[in-house]
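In the part that follows, the structures are each spelled out as structure tokens.
Each of the two complexes below includes chain A, the first together with chain B, the second together with chain C.
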Partner chain A sequence: MTRRQLITGLISLACAFVIFVIPFIFVFINASKSAAETARLSFALPQEWRFWQNLVEVVQARDYQLLLAYFNSIVITVGAITLLVIFGAMVGYVLQRRKSGWNKVIYGFVLAGLMMPPAVVPTIWVLQGLGLFKTLHGMILIQVAYGLGFCILLFRAFVSTIPRDLDEAAIVDGAKPWQVFFRVILPLMKPVTVTVIVVQSITIFNDFTHPLYYLPGKENVTVQLTLYNFQSQFVSQLNLLFMNILLVTIPPLLVFIFFNRQIVAGMTAGGVKG
Partner chain B sequence: MAQVVLKNVKKSFGAVEVIKGVDLTIESGEFCVFVGPSGCGKSTLLRMISGLEEQTSGTIEIDGKDVSNAEPSKRGIAMVFQSYALYPHLTVRDNIGFGLSLARTPKPEIKRRVEETAEILQLGPLLDRKPKELSGGQRQRVAIGRSIVRNPKVFLFDEPLSNLDAALRSQMRIELTDLHANLGTTMIYVTHDQVEAMTMADKIVVLNGGVIEQVGSPMDLYERPATPFVAGFIGSPKMNLYEGKVAEAMGCATYGIRPEHVVISDAEGQWTGRVRHVERLGADTIVHLEVPDLGPLVARVEGSRTFEPGQQVKATPMAEREFRH
Partner chain C sequence: MRKRSPYPYWFVLPAAVIFTVLFLVPTIASFWFSLTNWDLFDASFIGFENYQQFFSEPFLLRGVVNTLFFAVLTSGAKTVLGLLLAVLLTSGMFAQGLQRSIVFFPVLVSTIGVGLLFTELMHPTEGVINLALGAVGIPGPGWLTNPKLALFSVAMVDIWRGVGLATLIYIAGLASISPDYYEAARIDGATRLQQFWRVTVPLVRPATTTVIILSLIGGLRLFDLIWAMTRGGPGFASDVLASVVYKQYQAGFYGLSTAGNVILFLLIAVLVVPLAFRFYRKEVDQ
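And now, the complex of A and B:
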């Protein structure tokens, strides 16, 4: 390692520490303090460590609402990811492999899905018309609609790296089109599928605004919305708020730490051939 | 075993006609090689027989049945691809058994047939490996195994040896020839390598620009080429071909003589030329001459003879071996 590499490495580490680690330490320290101490928002260590008490209090708040929120968020995330992977992979595969005049039209829709900002009120109106407003499956469909464009682009780019000979070999072997997809192509798309699962699950699990608009109701609460429990106009329990932040941050953080190599692999694998 | 009959098969991609009407009969049990330069339509023709490509017009019959519009899997064919096209996520065993499992063959039977095939191709110890753990030659054998296991009526090979090194290629040529002798199945083989065509084929089909130039046995094509293209394509080094005044002087439109049919002597001969370049191959020596009356002339002589660049020599064509068109 040259001196220059060492210095740039150290500077990068220092920046990453300031941007990512210090806020986390701040949240962790303040989640371990009493309400009065946290209100000062200082970096000082707590006089009395109340980590466990705060944790229990957050979990028990509003009749164990956090557990319900975890359940709802997991249902929405798992449901949406399943549909995103299946439909994203299918559409990406067909768009890449079958050349037809419709491809451009479909591709236009995909790009429109990426570019056009979601309009909240009309969406609620549509959801109400379909009887999907304030339902978990309605929320799942919303997340699928928002994420599908990106997934299709990733899958389509990846399919172009899979040799067409494999499809043809399977066809000669007697595979029907759906068997070619499910038995040959889908297993080979594992890297990009992991990428989609990780990126989208973090996005959907961390989503605050969409559940806020489309999923009102106490019984429909998601983890990000539980942050409101400890913040109001007149009373703010910042220590519990920080503890809540800690609890809702940990699952996506773990996913990210364990899968970050695959994310990069899947993102770049499709980049060689467009 | 099955006869393959193509009747006036044509194929166009948009406005470009790549196969301009092919009529061909491949007899049952024959090893037929399609050979020709890149872009001559040989792979397209093979893909039309396989059903992966649809013909624009004409009919294809396999074993007496018109399969022109049948699915690839209903034609009784198996295909070996240039890239092997092994499924990377499956083991050798699953790769070979894939077609059978799609056909819902009972598991014990799949196991038995895969193991039989593995034995024929000496793949037994490799059955539980993934394709990436195999060498090029082993992958090729797995690809062939995947074809054999389905007991097809016709085997189709699309340049299967072009990704192998020279030594392995010559070994695989022998293995494929043995396989054909053992199975006795009709095989259609596409290559641009005329050595493969000459060494393996019962029948060679020379294609050029989407039409058949000539069909015949390897020695037929070598000794009696029907067109200057076939004369130039078959044989290595290629035949010396002359047009224009040289050919007119010989009383034809195209005059040709193979390098091995040119006799080089120091004393006397029909043409006098200067040695430009010498390629010593061991058993043979290829001599490139510059002959004022003809232009460049290539001759093949015994490896023991030596020549120096710039040396003046005499060259004479063997009279009964000349090609006139």
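And now, the complex of A and C:
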């Protein structure tokens, strides 16, 4: 490293710190203050650290609403991702292996699903017709419908790296199509599956808009909606709002620390291809 | 009899059913419902009245104009800043990996959390931004309370939050440029600036297309950040199509809300689809 690279690096690090890190420090400091102190919204360190008390207060607020919200968000995320991985991989596999005129049609739908915003009120109308409005399984299916495009593109790209000889060997040995897929192909797709799981879990966990429309009701609250509720409730208790922001920021931070490589792979592949 | 393919189409079926029922059917139905006066039970046909209202009521039209302004501004800024940051973050400088992570992390954080945080930072009298400006003698504006500035302030936050993704895509794009080109340019006596304009910019074009497509779509569809920061206010000054759709839905004007949704489809169809299809054709044909 040259002297020049060291100096640019230090200057740039200082800028990055001010622009991107200080806001998060602000959240942490203010989450540790008393209500009266946060009302002044300053950077001064708390006179008395109340981190733990604030944490307990946020968790207990509105009859332990946050715990319910975490439970709902986790159920939706896990349910949707299970279906997305299996169904998305099945489509990506057939799409890559079998060339036909249908492929173009399927691609058209995949791209439309990636780009077009959902028609919200008609979707509520369909969900009501099916009895799925305001239900967790309805929400899971919605997240599957909206996430499929991304998953299909990623799985399709990965299938093209698996040699066809493997399928053919399995077929010669008498395997049925579903056996070839579930016994031979799916286990080989572990790297891309991890990427899909990581990227989609963050997307679905952070989703605010769709639960707002399709999952109204106190008992259906999700993690992002607690923030929105707390905003009006805690006008004079900004410390608790900041604590809540901190609590919803921690899961993505942990995922980021442990799965940095997969996130980068997924975001750039998803970017380059969809 | 035709031999049965080892790659049967029923593999596509579960995904196709979910996608058709929950995405395609509502999308197609929206064209019909946008022409009606609708309360979820009864829809009566009223022709293009909802659309007429959209383009004659100033507060609805404002939403359309704001959506375009917001999408173009944020997309342009993310493209330019993303490329510059990517060049900087591949220059081999000190703490490069750490800085990549720092720039990227906001992409993963809850948008509502980011929005509420910046609403506090941008508070006109007590917010940290204006306190800092005041300390050096500049009177800070009412970032979110001034109707002329509100949408712009939200756009700044959106750029702060999204530039990391653009940077990441550009870093991947830069990595695919062979060092031979730079070597050849140096031998020909090109300066660093010339190398940037004549080698980097043309060869990183696929990444540029991707960044523009993604950020335009994101900008046109944006809802959560606006909702967390201004709720379209003050007045209707920072309303965008997605927030108008939500407000009209809450007010019970389902036909009008759906018309807003259709206008959003059409904007994306006109602005993004041609760009995307040209770009993805290569991918589909291989």
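We take it that the second predicted complex is superposed on the first by the 238 of 274 C-alpha atoms of A that agree within 3 Å, B and C clash if a C-alpha of one lies under 4 Å from a C-alpha of the other, contacts with A are read in each partner's own complex, and residues count from 1 in each chain.
Just so we're on the same page, contacts are C-beta pairs under 8 Å (C-beta built on N, C-alpha and C of every residue); 3 or more make two chains touch, one makes a residue touch a chain.
Computed from a prediction, not measured in an experiment: that's the story for all the values here.
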Chain C versus chain B on the shared chain A, clash or fit after superposition: fit
Residue contacts with chain A in the superposition, chain B compared against chain C: C
Which of chain B and chain C A:166 touches, first, second, both or neither: first
Touching partner for A:228 - first (chain B), second (chain C), both, neither: second
Chain B versus chain C as contact partner of A:150, first or second or both or neither: neither
Angle at the Cα centre of chain A, taken between the Cα centres of chain B and chain C once the superposition is applied, in steps of 10 degrees: 100
First (chain B), second (chain C), both or neither touched by A:21: second
Touching partner for A:133 - first (chain B), second (chain C), both, neither: neither
Contacts of A:179 with chain B and chain C, given as first, second, both or neither: first
Touched partner set for A:260, first chain B, second chain C, both or neither: second
Which of chain B and chain C A:119 touches, first, second, both or neither: second
Which superposed partner A:188 touches (first chain B, second chain C, both, neither): first
Smallest separation in angstrom, by C-alpha atoms, between chain B and chain C in the superposition: 7
Touching both chain C and chain B, counted on chain A across the two superposed complexes: 171
List of chain A residues in touch with chain C within their complex: 1, 5-6, 8-10, 12-13, 16-17, 19-21, 23, 26-27, 40-43, 83, 86-88, 90-91, 93-95, 97-98, 102-104, 106-107, 109, 111, 113, 115-128, 130, 141-142, 144-146, 148, 152, 167, 171, 177, 180-181, 202, 206, 208-209, 212-213, 223-224, 227-228, 231, 238, 241-242, 245, 248-249, 252-253, 255-256, 260, 263-264, 267-268, 271-274
Contact footprint of chain B on chain A as seen in their complex: 163, 165-166, 168-175, 179, 183-184, 187-188, 190
Residues of chain B touching chain A in the complex: 50-52, 71-73, 77-79, 81-83, 85-89, 98-99, 102-103, 146, 150
Residue numbers on chain C that touch chain A, as the complex places them: 5-9, 11-12, 14-16, 18-19, 21-27, 29-30, 33, 38, 40, 88, 91-96, 98-99, 101-113, 116-118, 120-121, 123, 126-128, 131, 160, 165, 168-169, 171-172, 206-207, 210-211, 214, 217, 220-221, 223-224, 227-228, 242, 245-246, 249, 254, 257-258, 261-262, 264-265, 268, 272-273, 276-277, 280, 283-284
